[in-house]
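The structures considered in this document are given below.
The two complexes that follow have chain A in common; it is paired with chain B in the first and with chain C in the second.
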Partner chain A sequence: MVKKRKSSVAKKKSEIVGSLKSFGTKVYDQLYSGYFPSINMPSRSTENINYDPHLRQFILGDKSVRRSARNIRHVKPFTQLVWAARFSHELASQRKTSTLRDVYYSAQAYEMTFKDQQESNNIITDLETVLGFSREDFNIFPEERSAVFGDLTIEYTVPGYEGRKLNLTSHPDGVMIGPALTSSEFVSTTADKVIAIEKGGLFTRFIEENVHKKFNAVLVLTAGQAPRATRHFIRRLHKEMDLPVHIFTDGDPWGMHIAMVIISGSANAAHLRELNTPDAKWSGVWASDIINYKLPTDPLDEVDIKRLYELQRDPRYQENPLWQKEIKKFLRIKRKAEQEAFSRYGLTYIVDEYLPAKLEETK
Partner chain B sequence: MVKKRKSSVAKKKSEIVGSLKSFGTKVYDQLYSGYFPSINMPSRSTENINYDPHLRQFILGDKSVRRSARNIRHVKPFTQLVWAARFSHELASQRKTSTLRDVYYSAQAYEMTFKDQQESNNIITDLETVLGFSREDFNIFPEERSAVFGDLTIEYTVPGYEGRKLNLTSHPDGVMIGPALTSSEFVSTTADKVIAIEKGGLFTRFIEENVHKKFNAVLVLTAGQAPRATRHFIRRLHKEMDLPVHIFTDGDPWGMHIAMVIISGSANAAHLRELNTPDAKWSGVWASDIINYKLPTDPLDEVDIKRLYELQRDPRYQENPLWQKEIKKFLRIKRKAEQEAFSRYGLTYIVDEYLPAKLEETK
Partner chain C sequence: MAQATFEEISASDFFYRNRDIAGFTNPSRAVFAAIRELVENSLDAAESLKIPPEIYVRLSFEGEVGKDTQIYKLRVGDNGSGIQPRFIPSAFGQILYGSKYKLKQMRGTFGLGGKMAVLYGQIMTHQPAKVTSSTGSTKIYSFKLMIDIQRNRPIILDRKVLVNKEQWRGTIVEFTLEGDYLRAKSKILEYFKQTAMVNPYANLTFVDPKGRLYKFTRVTTAMPDPPKETEPHPFGVDVELLQRLIQVTPYRNMLEFLKQHFHRVGDITAQKFLEFSHLSPSKNPKRLSHEEVVRLMQNLKKFKDFLPPDASCLSPLGEELLKAGILKELKPEYLVVNQRKPSTYAGHPFIIEMGIAYGGEIPKKGNFLIYRFANKIPLLYDEASDVSFRVINSLNWRRYKVSPDMPIAIVVHICSTKVPYKTVGKEFIADRPEVRREVANALREIGRQLHRFLSKREHVDREKRRLSIFAKYLPKIAQFSSHLAGKEKLPDVKKLIKSVQKYGEET
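Let's turn to the complex of A and B:
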């Protein structure tokens, strides 16, 4: 079945530019009326970050902070914030992209000084908090890149490619998830699920074994922790194309958390709503799989064990009994296994046996 | 001008399979004639690795090692080597790819034991040394992936895509350099140079600013140290399409060495000849650029300085006076700068001013 969906990239773009403009207008209006300009935004301090079981992610509480140009200590961060909004507006209207690092250096072109990279990153996060959009919406992209492969036809909106279409099976090594893909419209797909995979080797194995055809899947390579642009891309596949999402990672606390961040996000992004896919499923490698499939393992080291205890207490891991069960099992067997461990049964065992079993189990 | 070139991927594939077969035949013949099978291969011990100024890379000297099934201590590594050849032959004939990690686990499917990953990696390097092909030729690929964008039309040879063509400007975020791209034939290009770039953000900037058109360039993202498959890909672009190669990295010893490994390779791969591009040029960021362009900098830390002294003594850095000059300058100014530092003059300065100047300077 071919699913067609017109998403709303263009509509969102104009909302983003609109929000930047109205932020600027507000500052102007205050100045014009003879007031010191000021803004309120939710506080991002630890005590104001709470897990919301309904949204299944961290959110910010009721506490807010006020920045006022009347306060001498606020003048600098307030000015930096206004500059960040101006720079983002410039990026968006000129349709150029940037990185956090670039923002830091670009400031110098405007004689706007930041003490260090951390200070400029914080101001960008302030801007996200004030406007409710993520920095990728302002064309500020992560340095990291991951990839995708599968039957999804996209239509570009970036300059020079407007209206051009690409089917994401065009290149069998996968295409990069960057600004052009992220800002494209999703046109149609025959896929009925998304499979996200932690590692490049396995991503290639899945393509070679035609997982995209056999299981009607769009394959996403997270390449370790998924970059934010990739998390947003997965969310869009779920929301706009109604595709359920399965995540396959290594069988250890780090793999578990790669899945969790795709599902429920991070405390750092408690002020954002568009990065997570709460309905996505962690489909393995579970501690139970290590036992049931008699996988070759390595012992958990001290750092792994410490991490498992941290995850056990984390509110995101209270959501679904699966997490607690598997954490306990990891702590009991004190072993971990990589995805490649299935190769002990032959290179295609993971695709022929494990994958269909797990897709069924976590449907 | 459109350059067309038929490369020889198919011919090379048959040479590789042929070399694996003749290795097996040799072992069989020895057994059949009543001899303990044995092999000789060049030694990879440190004292047998020498820098060759003519080839402009490390090579192995005259010392060789002998592995004989007659020697009880050799029986295990000899058997492992024969298994590795068999497994590689299986990969090549079934046209499946693998990773070093996968090889380690796959061995267990054949009841072939390796003590650890390091032991199986070493055996694969032995196989490379015996046969003179790199593990990528045996379909054993790195986990890391980098990307390419530009006017190069390729023709796939992988199953399901045989004969299909793709122009590498199809996706404006870039396409991944994986097994399919690496094993494709290069059909034609209008480009007259290759520009390799260390960082993802800048790779995107170059695409957005139409560097591929303005400078007739194929753009390669190395994403830090270039994976071996990417180094081989750059070499092929140089050899098969006659394209000069320019490398742009951060202005620090680590960026310098990213360029050097593309140019002259590493001591670890002294037994291989197909990974390096000795004519490629490191086009910046030089210490001189930091001074001339008055770039924002960070101080060199102790590790940077230690590294610069190591590079100073390295024979690869004796080749061209540029290296020694720039190392000395780094040590004198005690500062480093990232590629993004050019953004202090505006986002497009690097493309409008710096890039054309450096391409001219390192022609």
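Let's turn to the complex of A and C:
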């Protein structure tokens, strides 16, 4: 069965260019009328970050901060913010991409030196907060390392490739989820699910073992904690192509949290929407799996245990009883296991036995 | 066992054997000491007539003696009062010549003046000194002198009388000595610079053995009133001085003796004192027994009703002249001076004058530069032992927003009829509570004013920085937002920048 896309990319692009322009106009108008320009934006301080059970992600509360060019301490960051908007506007309208590191250096051409990378990153986050779009939307990308493989046909929108189509099975290593892929339209797919995998080794194994065919799945490599572009990509697969999402990680608190950030987002991105996939499922490796499959394990160390207690209190982990159950189990057995632990039963065991069982269990 | 032998030595002999105490320790110190003794005599001579001093010093190379020692001819000339011809031989050829029964603020650190210098020169080079002087009369007298060291008497080798056509007045001393100019050079130049600082009305010229000319030019002809001679204050006398006074006094009763020889003792005070010490006013001072003299000295110190010493005999520089001198030699950005009211220690009046200079050409040394002066002469040695060094370093400077790594120079001048030197070397001031208090008070006063200056400047700087931030960023905001909004015309931000150009803190 071939699914047709519900396009979002082109519409979003014009929204972004429009919002950058209207931000600039607002500042311009204030200056033109002889006022010090100022803007209000939601506060990103910890006490203003709340978990919203309906959206199933962190959101910013009602507190807002005012940044005014009248204030000696604000005038520099304010200028940096307007510069960042101008820079993003140029990227978006010329359809060029850039990285946070680029931003840091590009500023110097305008005598807008940032003290350090952190300062310029903060300004980009400010711009995200003011406009409500993520930096990837302004074509500012982090270093990419995640990838996708499976029967999904996309159509590029980046200059020079407009209209070109690509089937994501065409490269046996998978295709990097970079700016070009992020900004492409989804055309069609025969897959009926997404399987997100934490580690590169297993991602390659799955491709070799034809998991995409056997289970009719699009495979996504998160390469550890999923970058925002990848989280957004997974969300689009879910929303636009109606694909359920299964996440496979290591059996430890860190793997668990990789799944959670894909599902419910992070506090750092509380000012942004549409990065999470609330209906995605964590399919393993659970503490229960460690017991049931008698997996070879390592003991939990102090940091792991501390992290488990933190997660136990985290509002995102209150949603589904599965989380609390598994956390308790980890704390009881005090062991952890990696995805590779299944190799004990032969290299294909994970694909032949474990995967079908878990997909069924978390359907 | 050898028999110990005792022999009498003359004052000249004594000083020759102990020339260290007069500063003639080694060849480099000697050439420095010789110059300073004669320059200070010359300054005093001009100042006594309230004439702006014009002093010419020339040191010329005469020959090698050893690796580190050369023979130099030193010539120091001035436009001072000149010396009466009959006093010239004794003034330069007899140690400790002169009256010591009166007190006067003087530069000469030892009262030896040039005598020690001449003595030193004679011993090392066997050359006579030449002294030429005129008081401005029709004649100039010129002597060639040596000192008979054993007998402490001048030997006149030659005496000339010249016609004073141009009504010249002053004194020129010329003699040869051994020294080490290369080592002494930096001290000598520092000495001239600092002397010029506290004598801004003097022209000092120095020609060194290489023929280099150093000129320190006056910036004013205003001069302080010359110091006046005064009798010793009763608090400040010792048995020795009492006995000498008794020897020379022409007065035959105690009442007159006290009134005539002591500072601020009048009829009533003298009578009260005699009653206090159970002495008859009509007693002849020459009849006092040794015990009575000792008791008299003790009572002079015990008696509470003597008036404090009068400082009008002193000749401080004054705030204006101190300012002029410091500005001229240090060229600071900011300067404040303070003259304390006269005070006394042990019966001697003294006045502290102080200045603090900031920035400009004053270097950053990581420590305050301290310039110390006593009776208008610089003290160049043993800084760390000086009372003002201690006071300066024990003050809590943070209270004045001052730290030692700032470019700051502190000038301390003490003038007194008897400068309270700690040691015979006479290079630093003793830590007497009265002096310490005055130094500390002066320092606090100028510290407060420097604090005000620094605070104000900091405020202005902060304001400038603040403005420059707005001036830097507002045009950029205008530029970037115009670009974003797609407008051609940049909004004018000059008015906005101007609107923050007022005093007042940001909230």
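Here, the second predicted complex is superposed on the first by the 362 of 363 C-alpha atoms of A that agree within 3 Å, B and C clash if a C-alpha of one lies under 4 Å from a C-alpha of the other, contacts with A are read in each partner's own complex, and residues count from 1 in each chain.
Going forward, contacts are C-beta pairs under 8 Å (C-beta built on N, C-alpha and C of every residue); 3 or more make two chains touch, one makes a residue touch a chain.
In this text the structure is predicted, and so the values were computed from the model without any measurement.
Colleague: Consider chain A as the common anchor and indicate whether chain B and chain C clash or fit when overlaid.
Modeller: Fit - chain B and chain C, as placed by superposing on chain A, sit side by side.
Colleague: Is A:Phe233 contacted by the first partner chain B, the second partner chain C, both or neither?
Modeller: A:Phe233: touches no partner chain.
Colleague: Name the contact category of A:Ala85: first (chain B only), second (chain C only), both, or neither.
Modeller: Once the two structures are laid over each other on A, A:Ala85 reaches chain C alone.
Colleague: Have a look at where A:Phe138 lands relative to chain B and chain C in the superposition and call it first, second, both or neither.
Modeller: neither
Colleague: Pick one for A:Val27: touches chain B only (first), chain C only (second), both, or neither.
Modeller: Touch partner of A:Val27: chain C, not chain B.
Colleague: Using the superposed model, measure off the angle between the directions from the CA centre of chain A to chain B and to chain C, in steps of 10°.
Modeller: 80
Colleague: In the superposed arrangement, which partner chain does A:Lys76 touch: chain B (first), chain C (second), both, or neither?
Modeller: The answer is second: A:Lys76 touches chain C but not chain B.
Colleague: In the superposed arrangement, does A:Phe36 touch chain B (first), chain C (second), both or neither?
Modeller: Touch partner of A:Phe36: chain C, not chain B.
Colleague: Could you figure out whether chain B or chain C reaches more residues of chain A?
Modeller: Counting residues of chain A touched by each partner, the higher count goes to B.
Colleague: Once the structures are superposed on A, label A:Pro296 by its partner contacts, choosing first (chain B), second (chain C), both or neither.
Modeller: first
Colleague: What is the minimum C-alpha distance, in Å, between chain B and chain C after the two complexes are superposed on chain A?
Modeller: Minimum C-alpha separation, chain B to chain C: 16 Å.
Colleague: Share the list of chain A residues that count as touching for chain B in one structure and for chain C in the other.
Modeller: none
Colleague: Can you name the residues of chain C that touch chain A in the complex?
Modeller: Residue list for chain C touching chain A: 466, 469-470, 473-474, 476-478, 480-487, 491, 493, 495-496, 500, 506-507.
Colleague: For chain B, which residues are in contact with chain A within the complex?
Modeller: Counting only chain B, the residues touching chain A are 95-99, 101-102, 104-106, 108-109, 141-145, 147, 156, 158-161, 166, 170-181, 199-201, 204-205, 208, 210, 221, 223, 296, 338, 340-348.
Colleague: Give the list of chain A residues in touch with chain C in this complex.
Modeller: Where chain A meets chain C, its residues are 20-21, 23-25, 27-29, 31-32, 34, 36-37, 69-73, 75-76, 78-79, 82-83, 85-86, 89, 110-112.
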